[in-house]
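First, the structure itself, so that you have it in front of you.
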Amino acid sequence: MNKERLRSLVEGSAFTAVIQFLILASAVVFVLESDRDVWGLAEYATHFLILDWLFFVLFSAEYVLRVYIEPRKRDFIFSFYGIIDLLAILPSLFLLPGFRVLRVLRFLRIFRIFKATRFILAVDRLASALRGIQQELLALAILSLMLVYLAACGIHYFERDVQPEAFGTIIDSMWWAVVTLTTVGYGDVYPETGGGKVFTALVTLIGVGLIAIPSGLLASALTEARVEREIAEEIVEEIKEEITEETKKES
Amino acid sequence: MNKERLRSLVEGSAFTAVIQFLILASAVVFVLESDRDVWGLAEYATHFLILDWLFFVLFSAEYVLRVYIEPRKRDFIFSFYGIIDLLAILPSLFLLPGFRVLRVLRFLRIFRIFKATRFILAVDRLASALRGIQQELLALAILSLMLVYLAACGIHYFERDVQPEAFGTIIDSMWWAVVTLTTVGYGDVYPETGGGKVFTALVTLIGVGLIAIPSGLLASALTEARVEREIAEEIVEEIKEEITEETKKES
Amino acid sequence: MNKERLRSLVEGSAFTAVIQFLILASAVVFVLESDRDVWGLAEYATHFLILDWLFFVLFSAEYVLRVYIEPRKRDFIFSFYGIIDLLAILPSLFLLPGFRVLRVLRFLRIFRIFKATRFILAVDRLASALRGIQQELLALAILSLMLVYLAACGIHYFERDVQPEAFGTIIDSMWWAVVTLTTVGYGDVYPETGGGKVFTALVTLIGVGLIAIPSGLLASALTEARVEREIAEEIVEEIKEEITEETKKES
Amino acid sequence: MNKERLRSLVEGSAFTAVIQFLILASAVVFVLESDRDVWGLAEYATHFLILDWLFFVLFSAEYVLRVYIEPRKRDFIFSFYGIIDLLAILPSLFLLPGFRVLRVLRFLRIFRIFKATRFILAVDRLASALRGIQQELLALAILSLMLVYLAACGIHYFERDVQPEAFGTIIDSMWWAVVTLTTVGYGDVYPETGGGKVFTALVTLIGVGLIAIPSGLLASALTEARVEREIAEEIVEEIKEEITEETKKES
């Protein structure tokens, strides 16, 4: 009985709000701690350490609590959110000198904010839309990687002699391919030969569109899911009304 | 009775056209005044001040008029357009020496152009499309902010030692994250280490698509709204025709 | 009678193909002539002049021919294609010393390629899709211009003291606003102050999506038009089959 | 009979998996060989030559095998995949001194990965979506090329005197037009005159949307194809159920 009450408490909105605040606070503290030398907070190193331990204790307590109240413990531990919860706690354990570098992973805690009840439905819809188009996404991902490979091979052939430091190897040319095909275009590397420029023009005019398809696909899938949901809600509403009317007639 | 006539005048197309012209003129004057030293208009400072007062008086008069003719004054004052109207007047009040800096906000007047009757329907449709997808937009906005946070944490880890001036703090790295994920890519900051480049390639290939989803979503919602409107118009048209035919038969 | 035969000749595929070739050839010649000093073709200036006159005579002849065969001459002259045809001829007239600079407009001839019969249907569909969403496009265009104005005013406020040469006037800041909001991001101008960077982050995360909506909208409208066309074709096909079957039964 | 067994072997999943592995391995080997001087693998030149010959022999054997088992040999050889297969083998033949440069084309082998059974359905759907919108794509491609041409002519007119090295010829200006209209924006060339900047602002605000339409169009077509497939699958499922029920009733 105690377990049931605890459960309704943990899944209640007050508890969730506190945890959300802690997640956001730990994200802010992570940034402040990381930048402490620049912002003149170097002297507060001990305070940050204490805050860190506090977050560790609180998130661990929450994790243990969630495992305790869960009837099917194994399912929870290996679920998506269970693994995120664990990943969010683990890095703090590495306060021992040898493992300090792994503490940097504490920023992964931010993923826990996914569990926010307020927009959990929208995230679920996003996830279901992604599942619906996973075959297309996989094909487009492989096509994109092939495009990056081919673009890198091509530009390497045209530019390797003129700019060996940027296009001397295919691996280095891949950096150019990614920066160009995503249209980020920093301008740190770009073709200078005539052939390289013609090749780039061809690759970008075709490739830029390919890289942009997945996001259009996901937008369409989300719209479709929303329309279906709205139709379903309308049908449910109509059925409810019919039942109410029939109940009225009978009485 | 006088109030009613005033109302039909204020809501008429002639009055609206004059106000629209004044809004555009005040936007142009704001630019001219701001750039007056560069364009050799420095000597006309007094003229600009007079123009400014003129706009202030005209927009204030319009605001007072609108409040006067409105039956539910409180609703209007706290409505979206009421607040915009007030925001557009207030900054001009700060001509007193101490508050001069706030006068800069006069450029917010441009928001009043939203009230232009010509495309008010399209803006309303845009707003209703936005409302329809607000849950998805909120979720995507939070995901985008998380992505910016995670990208900044990651690149800070890879680049802080090589480029401390650009990636020395997570806050500074966020500038890079925004410029990269929106694909603006100025080229003022970019990764130089191998690890940073691989991390950037992963983040951009995934993240650039995420940031682009909302605009695709809004485009789909707008299309849907337009199709629904067209179907509704067709139905109305058909009903009208049926009524006309029946009236004919009867007579 | 002669006029009718001439008409079927002018509207036939052979004549159209010749004109298309001439349009492309004149576009290539325009580039070659413009770049003749760089490519060592300076000595052929007279040849280019002759070619130019040849194109002028041919396009003028075609224009006169089209006006001659057209029953409603006035409608043709003031139609979209009629004006393009005229615009394509006029610049060549300015070979007189005083008007030479207007000859540069000869490159507008390329617009005549719109009349290519091969993809005239697709262009018509594009135009009809554009008409269907013109209200939304107009609203989005005005919103985009407002966004450019507001972004320019904002960044001018933050950066004018630090970078007066790039952000010293609002007009200059608009160049930054356009380059940033279209995500081109050359990197010739970018914010350097903390406030300017935060402002840029806010403006780009919101504004970049706004600027991208029209193209998504047009893509949706085109898809919709295509689906409607396919359904219409199917219905026509079904009606044809029904008629054929009924004819069979009767006989 | 032997041919039939061979055929089921070649088209089986084990054989396909081996070939896929070989394709990926040859792509990796191509990169390693190309970058061998940088990675200190120069001494293994002979090993790479042997590996190269091995791949050549294996892919040739597979090609011969596929032709052998195919009943309609001619159809296979001139099919899309048949030509890709041949293109993937041919470059390795040029190990003779005179043709060495053509060996570089070996990276085209990666196209063979298209044949991977795992995502062949998704690629087929992509191809059929492309076919469905080919008229629109062609029109948009021609419009895009026209836009590049017009943008290059325009910017050349504005910038040729100030920046002759970047905008001195129309051909050179086309490089700027492609980099700008695809929003890559490296920042190696950009307008500096007032007129050039105004022209660029106009061209990008209109043109950037045009270049982005095809990818939105393809995303919509893919979504539509997916929805149709899902509806078809549901209908097939319903028919199956009906048949099962009727069979039950009968028995």
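Going by the order they are written in, the chains are A, B, C and D; count residues from 1 in each one.
We take it that contacts are C-beta pairs under 8 Å (C-beta built on N, C-alpha and C of every residue); 3 or more make two chains touch, one makes a residue touch a chain.
Bear in mind the structure is a predicted one, so any value in this text is a computation, not a measurement.
Of the two chain pairs shown, B-D and A-D, the one joined by more C-beta contacts is A-D. Distances between chain centres, each the mean of the C-alpha atoms, put C farthest from chain A.
Between the Cα centres of chain A and chain D there is a gap of 28 Å.
In this assembly, the C-alpha centroid of chain B lies 40 Å from the C-alpha centroid of chain D. Residues of chain A in contact with at least two other chains: 183-187, 212, 215-216, 219-220. The touching residues of chain D, when paired with chain C in their complex, are 132-133, 135-136, 138-140, 142-143, 146, 149-150, 153, 156-157, 168-171, 180, 183-187, 190, 197, 200-201, 204-205, 208-210, 212-213, 215-217, 219-221, 224.
Interface residues of chain B facing chain D in the complex, by the touch rule stated above, are 183, 185-187, 216, 219.
The touching residues of chain D, counted against chain A in their complex, run 27, 30-31, 34-35, 38-39, 104, 107, 110-111, 113, 116, 119, 121-123, 125-126, 144, 174-175, 178-179, 182-188, 211-212, 214-216, 218-220, 222-223, 226-227.
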